[in-house]
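The following pair of complexes shares a single chain, subunit A, combined with subunit B in the former and subunit C in the latter.
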Partner chain A sequence: MKTKNRSVKWFGIWMMLPGFLMIILLKIYPIVEGISYSFTNRRLDRPVNSIEFTGLQNFISVFQDKKILGTVGFTLAYAVLIVLLSYTIGLGLAMLLNRDIKGRGIYRTLILLPWVISNTVTAANFRWILNDRYGIVNRSLIQLGIIDKPIQFFANRDMAKVMVISVGIWKTIPFMVIVILAALQSIPLEYYEAAEIDGASFWGRFRYITMPGIKAVTVMATTLQFIWNFNNFESIWLLTSGGPSDATMTLPVKIYEEAFLKNKIGYASAIAVVVMLFMIVFTYVRFRISAKANKD
Partner chain B sequence: MTRKRKKTSVNILTHMVLIAVVCVMMLPLMSMVGTAFTKHDAVASSTTIFPAPGEWSLENFTGVLRKTNYGKNMIVSAVVSVSATILGALVSTFSGYALSKFKGPFYTLNLSLMLLMQMFPGMLITIPLFLMAIKLGLVNHLSGLILVHLGGNLGFNLMMMKSFYDGTPVEIEEAGRVDGATNFQVFVKLVLPLVKPGIATISIMVFLNSWNEYTMSSLLLRNNSLQTLTVGMTKFQSLDIIDWGYLMAASTLAVIPALFFMFFAQKYLVQGLTSGAIKG
Partner chain C sequence: MKKKKAVLVAVAAAVTLLSACTNGGVGKTENVAPESTAAGEANTGETVTASDEEIIVTIWEAQWGTENYEDALKKLAEEATAARIDGKNIKVEVQCIPWDNYYETFMTAYTTGTNPDIAAQASTAPAQYNDLGVAMDLSSILAAWKAETPEFYNEIGETAIRFEQDAEGKQIGLPFAIDGTGLIYNKTVFENAGITEIPANYDELTEAAAKIAATGVTPYAFRANHCSLSNFLIFSNGGYNISLDYEILLDDEKVIHMLDLMQGWWDNGYVAEGTAGYSADDIRKMLLNGDVGMIISNIPTWASAEQRANLGILPVPIGPDATEETKHNSMSYQAYYAYNTSDHPEETLAVLKWWYEHNDILYTEGGNSTVPLRASQFDAVFRGDEVLQAFFDEYVDNNGCQTTFVYPFEHFETWYGIFDGNKVNTKALMNIFTGKDYRLGLEESIAETKEIFEAYGIGQ
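Then we have the complex of A and B:
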């Protein structure tokens, strides 16, 4: 019996091995490397043997960078606005889809589509419909007489900000709708029936049954989407590359630019490490708050 | 009676709101398909979402496939995505089982490493992965990108498979062992058939993520004839004059796999989407 147990034990280790090796090689090792770059003056355009250890110099430069505050501000605004608005719209749509109506499946499929479309296609599509000369949006607005000159959706600073956030919302709504819908369907119908008998209004039912019923999913979905959108690189890079004149610059785009366009690997890694520390603190605090709320 | 009538009117209102929202959300995609099927010369002058009756044409599709590298790009993407999918499914089918059924410090370590990984910003890993690929001579080799895509989906795949294995009963395995089956036989013959939906879910997710990935693809494959479709597509935009007809035809071709899975395997897609958020 003992040999049998030992063979089972080894079987588990063998089964785990491919995953373990991949985690080490493709995740842990690169991250450790990346963190180590942040303490050096490593550059893409200089030979590896010229790298020197520079201590905290890169981090000091990050905090002395005058433009970084604006970038941090827009990254936060970008992530927070996308989460808030896509959650609100997603909740509304999920509640409509939770009703017993015909064609629910078709609506759900169509609403889900933006989520499976790649960032490259999304960016191309939005740049096409919002194009100043040929785009369907500008053409329709001019034909209807609402505007006389085409709107410069991506050349105007404020407009470009609105546009990258709108595209982010478009992309995030499917996730919100699906997870909220799943949570709504897990609320027992009897709760609503009982509330109706008691004469509770729509808002009363919404506040005291619906919202508490989807609370766990709300915390999870908003936290995840905040982290994902905060770290999103492709969507903004492909739409505006951070422009015009850095108006839509976010931290991931900035890191990419410093690393791959300005060749400053060390400096770019330092920004990435600061972002990582922020993410760890954020996640910790977020879950402490929700754990505390659950206890109360 | 009034109650019923109230319900119908609320339902009509629900449909109206949903149709309006869906139309707005679908506008970019409808415009993409409409433009793709418009005659190449008529794209710039077209004023409607879908082409006028005489302006329907497949010119953009034939043009983008014959005159550009896009056909090759699609083959490269297919090879990379299929390879990453097969490898990803293999690794997580094995290791997900170990994570679910075995206890001990080794497995706890793996689990905590995976959770930790989810918190790291993508850019922190993009830079070292690129430098590692240079060092190992994997730039302009498909194998480098396949490995990177495998790594990118690893955490999700393992957690997903683990949760599927968590749902399989231990009694089956015990019964199999009593009957004298080896550990591997128990795993392949008794447990694997129960987690087929899990394998389908992660396969679809890895395939789509790999097919849609842009950043690492653009960094690792720098040769024009050996690029993925996401990178090939941006080539139509980097020119001074964007060929919108070609770009929209290329985009339409790029979304075919996603549409296919959405209409024929939506159950698995939704599973992949929600599991992360609901199980935490």
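Then we have the complex of A and C:
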């Protein structure tokens, strides 16, 4: 019996080994490599044997970088606004789709579309739709007499910020709808029926049944989306490349620019390490607060 | 005990796997130029020379052409293989690298030791790989051409050859195509505005802009987020960005005069409002549709022959501080280079020479959109196209006015790649097009240039 248990255990270990190795190779190793670069003067255009240990110099430079504060500010605004607005809209849509309305299946499928379209296609389409001369939005608004000259969606600094955030919200809403809808469906209908019998208002039912029922999903979805959007590179790169005049520059785009356009791998790694530490702290705090709230 | 062993096995396997995959980390030695080849001579180790043994030489080309480009490349590779170059059984393998992240693709290949033997990229790449100690010395190919005196050799031109040499005169690249921007106009827009004389200086361009604006058409659209616009303005005014003794001239009066001129155009509504966000495709489309009168762009192979018939080429305008003699324009090249990490350096050089001499098909069948550097190849590919010929005559083959974008430097230095790639000199113009003070942009550009100099250990 003991021998059989042992062989089962060994079988389990051997089965786990490939996955374990892949995690080391694809996740742990690049992180360790990135951290090691952050303490060096590694440049892409210098031979590997010219690397020198520079201690905390890259990190000091990160905190002395005058432009990085603006970049951090916009990155935070980008991630927070996308999460907040897409969650709010997603919650509303999920509640609508949770009702027994005609054609619910079609709506549920249609709402997934932004999620399944690739970022490249999304960016190309939005650049085209919002083009000042030929874009359907400007043309329609002018023809309807709402505006008399085109809106500069990507050439105006403030408008470009609004647009990259709007595209992010458009892209994130389906995810929010799907996860919230799944959570809504897990709330027993009896709770609502009992509350109605007790005379609870819509707001009361929402506050005391719906929100607690989707709390766990809310924490998970908003945390994940914050992390994903904070680290999002391709949407902004494809839409504005961080421009005009760095107006839509986010930390991932800056890391890319420092690493691959300025060849400063060491410095870029230092920014990436700072971002990683921030995300670890954020996630830890977020889940601690949530766990405490659940306990209370 | 067995549990411990299992953990040990797992750790050992992980370490083995990691060490096998490791490349380029701190203290790693892969892709470090061997000391004997640090100067870039071909690696002479383990060269297979037996004529019957198959030797594989790999070439990577960027996707310069149409959807047929890959097929044309493969066809050329098959021809090269069939040609039994130098009487050897050399199999040429070619790969077409898409533009998306092509720079990273090449760099990652180098850092992981999977780079090809030969590559075709922008002319700045050879210098970068030379700095890394892995660019092969191609002087022997030039020496062979000098001896063989093929018809095209003199057409390459000294400027292009020197551009692809390092400071010590080592030939690190073979320029095959030329790229540069010129002023292109829409003939219908000019006709409607009653412009009969082609503007030759900025006063005349301003007058033309006023006439075009009066017809309700925007005179200019630019791709502001690219160095070419800034270079065009500064160079046509007889200026340049950095002097030979590394003095930063970004706030030189020749630059200021051009920025003031552009500020005036912008304030008068002569420049399309969306200029800060336009791509190259955007402004080309606007020109072809007659929504703007003039753009600064590269040779209009991006337009169909029918569309090109409605386009005209303006001369390099003479800036307010320049004369016909001091105005100049800014060109760059596309070049072939080879890596000295190749296992078959001799064959690599032979294949590269053959490839350069026989690459017509990449234009004729592959639709390569770069401009052939050699006039005879240009004639063969674009024969009879007046607009393209005019662009070539004015901006490429204009005897004296043609300078590279690193002018007054003769050779490309790696720091200039960072200066150019990061669009350092675009900031003042971008400020104009986003309604900010251009002087702040200039200060930013100068600070960034100093930072680059510091990183490369050069300066004032």
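What we mean here is this: the second predicted complex is superposed on the first by the 293 of 296 C-alpha atoms of A that agree within 3 Å, B and C clash if a C-alpha of one lies under 4 Å from a C-alpha of the other, contacts with A are read in each partner's own complex, and residues count from 1 in each chain.
Operating definition for what follows: a residue touches a chain if its C-beta (ideal position, glycine included) is under 8 Å from a C-beta of that chain, and two chains touch if they have at least 3 such contacts.
Treat the numbers as computed from the prediction; the structure is a model and nothing was measured.
S.K.: Taking subunit A as the common reference for superposition, should the pair subunit B and subunit C be classed as clashing or as fitting?
M.R.: Subunit B/subunit C on subunit A - steric clash.
S.K.: A:Phe260 contacts which: subunit B (first), subunit C (second), both, neither?
M.R.: both
S.K.: Which partner does A:Ser201 contact after superposing on A: first (subunit B), second (subunit C), both, neither?
M.R.: Once the two structures are laid over each other on A, A:Ser201 reaches no partner at all.
S.K.: Regarding the shared-chain residue A:Arg157, is it in contact with subunit B (first), subunit C (second), both, or neither?
M.R.: The answer is second: A:Arg157 touches subunit C but not subunit B.
S.K.: Check whether A:Ile173 is in contact with subunit B, with subunit C, with both or with neither, and answer first, second, both or neither.
M.R.: So A:Ile173 only meets subunit B here.
S.K.: Who does A:Thr40 touch here: subunit B (first), subunit C (second), both, or neither?
M.R.: After superposition on chain A, A:Thr40 lies in contact with subunit C alone.
S.K.: Given the superposition on chain A, which partner contacts more residues in subunit A: subunit B or subunit C?
M.R.: Touched residues of subunit A are more numerous for B.
S.K.: Considering only touches as defined above, state whether A:Thr240 meets subunit B (first), subunit C (second), both or neither.
M.R.: Only subunit C is touched by A:Thr240; subunit B is not.
S.K.: With the two structures laid over each other on chain A, which partner does A:Arg6 touch: subunit B (first), subunit C (second), both, or neither?
M.R.: Second partner only, subunit C.
S.K.: Does the superposition put A:Tyr134 against subunit B (first), subunit C (second), both, or neither?
M.R.: both
S.K.: Does the superposition put A:Phe20 against subunit B (first), subunit C (second), both, or neither?
M.R.: The answer is both, since A:Phe20 touches subunit B and subunit C.
S.K.: Where does subunit B run into subunit C after the fit on chain A, at 22-30, 76-84 or 220-228?
M.R.: With the two structures superposed, the offending stretch of subunit B is 220-228.
S.K.: Would you please give the residues of subunit A that touch subunit B in one complex and also touch subunit C in the other complex?
M.R.: 9, 13, 17, 20, 25, 33, 37, 127, 131, 133-134, 260
S.K.: Tell me, which parts of subunit A touch subunit B in their complex?
M.R.: 4, 7-9, 11-13, 15-20, 22-23, 25-28, 30-31, 33-35, 37, 89, 93, 96-97, 99, 101, 103, 107, 109-122, 124-129, 131, 133-134, 136, 139, 143, 170, 173-175, 178-179, 182-183, 217, 220-221, 224, 227, 230-231, 233-234, 237-238, 251-252, 255-256, 259-260, 265, 268-269, 272-273, 275-276, 279-280, 283
S.K.: In their complex, what parts of subunit B are in touch with subunit A?
M.R.: 10-11, 14-15, 17-18, 21-22, 25-29, 31-32, 35, 43-44, 47-49, 90-92, 94-99, 101-102, 104, 106-107, 110, 113-114, 117, 119-132, 147-148, 150-151, 154-155, 158, 177, 183-184, 187, 208, 211-215, 219, 230, 233-234, 237, 244, 247-248, 251, 254-255, 258-259, 261-263, 266, 269-270, 273-274, 276-278, 280
S.K.: Quick one: in the complex, what on subunit C touches subunit A?
M.R.: Within the complex, subunit C contacts subunit A at residues 2-3, 6, 10, 13-14, 17-18, 21, 24-33, 103-104, 107, 111, 128, 131-133, 224-225, 272-279, 282, 285-286, 291, 414, 417-418, 421-422, 427, 430-431, 433-434, 436, 441, 455.
S.K.: Which subunit A residues qualify as touching subunit C in the complex?
M.R.: Where subunit A meets subunit C, its residues are 6, 9-10, 13, 17, 20-21, 24-25, 29, 33, 36-37, 40, 42-49, 51, 53, 127, 131-134, 149-150, 152-157, 160, 240-241, 243-245, 247, 257, 260-264.
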